[in-house]
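Labels A, B and C are assigned to the chains in the order they are written; within every chain, residues are numbered from 1.
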Amino acid sequence: MADTKYETPMLDELESGPWPSFIKELKKVAPRKPMVQDLLGQLEQSYEEGQGHWKHGGIVGVMGYGGGVIGRYSDLADKFTNCAHFHTIRVNQPAGWFYTSKALRTICDIWERHGSGLTNMHGSTGDIVLLGTTTSELEPTFAELTANGFDLGGSGSDMRTPSCCVGKARCEWACYDTMALTYDLTQSFQDALHRPAFPYKFKIKSAGCPNDCVASIARADLSIIGTWRDDIRVDQEGVKAYEKAGLNIERDVCGRCPARCMEYSGKLMIDNRACVHCMHCINAMPKALRPGVDTGATILIGSKAPIVQGALLSSVLVPFMKIEPPYQELKDLIEKMWEWRDENGKSRERIGELIQRMGMRNFLPAVGLEPNPDMVFHPRANPYVFYDEYFVAEEEGEAQA
Amino acid sequence: MAKPTIDEIANAMFDMVSQYDGKKNLKAGDLTKAMIAQYGEGNCTKDECKQAIRILMDSGRCVYSYFGGSFISLPKTEGSAPQ
Amino acid sequence: MTTQPAKRITDIGPPHYDQMLHPVIKENYGKWKYHETLKPGVLCHVSETGQKIYSVRAGSPRLLSIDTIRWYADLADKYCKGYLRFTSRNNVEFLLDDPKLIDPLIAELNQNGFPVGGTNNAISNIVHTQGWVHCHSSATDASGIVKSVMDELHPYFISEKLPAKCRVALACCLNMCGAVHCSDIAILGIHRRPPKPKHDILGKTCEIPTVVASCPTGAIRPATVDGKQSVEIVEAQCMYCANCYTVCPSLPMNDPLNDGISIWVGGKVSNARSAPAFSKLAIPFIPNNPPRWPEVVEAVKNIVEVWAKHARKFERIGEWIDRIGWKRFFELTGIEFTKHHIDDFKHAGLTYHTSAHLRF
């Protein structure tokens, strides 16, 4: 305990057990970081009282930027003076969260000089999160980050840092190059990322296949989910090998297919026109089955957490789009939806909520898309329908004229 | 109305932010819509408004702020920090 | 230090990922053919070219000190030619081209208290939020509960003995920074008392029309209190979402007597088999009990174990419940079904059971 300023008996209980301890992480840097000593003190008090002690507000960026910094202040600043300021810096991660040891050390050295030495690898949106610094350290941190090839991520009413799954770098199921797309979108929309100009945030996540390892359908306003439209590639010998190894293919693969589009009797027969591209059979037999070769992505729109009007999952906007450089079709679509949302959106209203408020009948023409049965589970069941025009009888028209 | 320069748009935006300071928080979209209304659609584009906001920010005359969403404000002494 | 200010660099974006890729990955980018699991936490991806890359996945507390990250970098230098990555569930993955180095790496990770696992039918790391370490709106802590729950679920992290994947997530308030609302098991911090307006400063610190408009249930009205412009809360209409607090700090929600945890089950984001789905309410409230939240740990463990015992192969929690029905879920888990389980927000009627298909 000599290394820390405060007794922390409750937190100390979180050092034992088989899972890595975040308290141990705090204590690793506490001896040389007074900010973290006070953080431990304040956290112990939160544990005693059952409540947090942070306030938001104020700082949101470095000079010229409106995103990337989360201002955070202690409401016990008189007592825990060293963590009176405890701002977060979001640093845009390399796509796929790949690093060299050198790049990681660069980040660590910058954060050693300018911050608490605490991080999240990574935040929920995907950024490297540098946790805890003072206002006066924001500009020097930013200068060192950019000098070393890193830039800030998003926050507030901007395009949030796009993120993606591992994609073609290390996954055989990637139906498009998620990392290349994410890098391209991030670079193309730097201004939208750093200078909040939207009614509210906009998140983009790219998943290479319908397994959706980045939860894009739940966490992104724009969900780009890889898929294919030709036939699943089958290695019949490989299928047999799974059967030999003990997999009950009829019950656990065919029987769990949501489209019931496959049968097995020594040979796997797939009705590919009926397949809904769920990935189950491919997940179950990765050495025998592969997605097809005519690949691209389904574009979905609108997911969000509950605040304000309730949680939404993204829904289908474009059933299939080829995702290839320079990604012009996708970028045009994104810019059109931003424009429509800028025109019509309210503060704190996500695009999914805006579409619910104004209707797909207003949204689709604005982004230049035609209605498509893939957009709905089923056609409307209620007979209250908006029609844009109605006929006027000739004599009625004359009477009015 | 004559077509304003980007600097003139920036100045008009700054006046608006100053006028509403402490009364109403303005978003980038609010300023843009107000400028287009003021100068007319042919004389002032969204892109020019974007450039004008950038001039205000890069010069430090205005700053971004956050109140459950991003707004454009006058620089303040640090909001919640102890004096 | 030079007195001349350096030229300001902006809008450069992140480093290109190309600089960060292991040579084997770079060479086989887009050429991967299949993968197999060598043991829990160890994947082998095989390329069309025949080359292989081995991934060793280790659990992480997410809140990492730079000391630990530097140690990761040392391990990457020692075993992986300096290349590593992180996963969407905050694990670290070491990327090796030499299979002989896998076991020594695992040994070194384990010696230092970092478990290897989290692949396939394991319980991977709990995606979570900041809690009392950093957040202004949290109704509970995040890291402390995650640590306590993962200590208990650790045997399921280092093995793959469950019927299917089980994704656990935690959010310390309804803002849900994380896919909590679509998790097999979601641990969610909740407030249960309406905000207490600070009438003396509210009119000065917040825009009253914005505050009124922020409420999804229309529970906030403008009011003059002791001669000051403020708002009143129609308490019977408040559902404690805290959106008003996010737009107005003069409406604090934190209340140790009433804040706590709720548990939600059966959500998923993957399209495999069943469609992506929201998690549904299992346990409406468990009081905060730091430092180890034993009641929450027990509740999560119980749900995992009842599911593991009764589910069929490949059935995730939501798919299992779809088959057996919610009534049976509450019977088997011993969780009480209460009025709080029946929705009363927008579209609540869509969740009512409009059929006579019942199990007895």
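Going forward, a contact is a pair of C-beta atoms (placed from the backbone, for glycine too) under 8 Å apart; a residue touches a chain by one contact, two chains touch by 3 or more.
Because the structure is predicted, anything quoted here is derived from the model rather than measured.
> Could you work out which chain's C-alpha centre is the most distant one from the centre of subunit A?
Here the answer is chain B, farthest from subunit A.
> Using only alpha carbons, which chain's centroid is the nearest to the whole structure's centroid?
Of the chains present, the most centrally placed is A.
> How many angstrom between the C-alpha centroids of subunit B and subunit A?
About 30 Å, centre to centre.
> Taking the mean of the C-alpha atoms as each chain's centre, how many Å separate subunit A from subunit C?
Their C-alpha centroids are separated by 13 Å.
> Would you kindly tell me how far, in whole Å, the mean C-alpha position of subunit C lies from that of subunit B?
Once rounded, the distance between the two centres reads 37 Å.
> Any chance you could list the residues of subunit B touching two or more other chains?
67-69, 80
> Would you mind listing the residues of subunit C that make contact with two or more other chains?
210, 214, 243, 246-247, 249
> If a residue has to touch 2 or more other chains to count, which residues of subunit A qualify?
55-57, 63-65, 191, 347-348
> Which of the residues in subunit B end up touching subunit C in this complex?
Subunit B residues touching subunit C: 24-25, 67-69, 80.
> Quick one: in the complex, what on subunit C touches subunit B?
That would be residues 206-207, 210, 214, 243, 246-249 of subunit C.
> Please give the residue numbers of subunit C that touch subunit A in the complex, ascending.
Residue positions touching the partner: 6, 8-17, 19-21, 25, 29-30, 32-36, 45, 53, 55, 59-70, 72-74, 76-77, 82-88, 90, 92, 95, 113-115, 127, 129-138, 141, 143-144, 147-148, 150-151, 154, 157, 171, 174-182, 210, 213-214, 216, 241-243, 246-247, 249, 254-256, 259, 269-276, 278, 288, 290-292, 313-314, 345-347.
> What part of subunit A is in contact with subunit B in the complex they form?
Contacts found on subunit A: 55-61, 63-67, 71, 73, 77-78, 84-85, 135, 155-158, 191, 195-200, 342, 347-348.
> Spell out the part of subunit A that touches subunit C in their complex, as residue ranges.
Listed in rising order, the residues are 10-11, 13-14, 17-23, 25-26, 28-29, 39, 43, 46-47, 49-57, 63-65, 72, 86, 88, 92-105, 107-108, 111-112, 117-124, 131-132, 143, 146-147, 149-151, 165-166, 168-172, 174, 177, 179, 183, 186-187, 190-191, 194, 210-219, 225, 248, 252, 256-258, 277-280, 283-284, 286-287, 290, 305-311, 313, 346-348.
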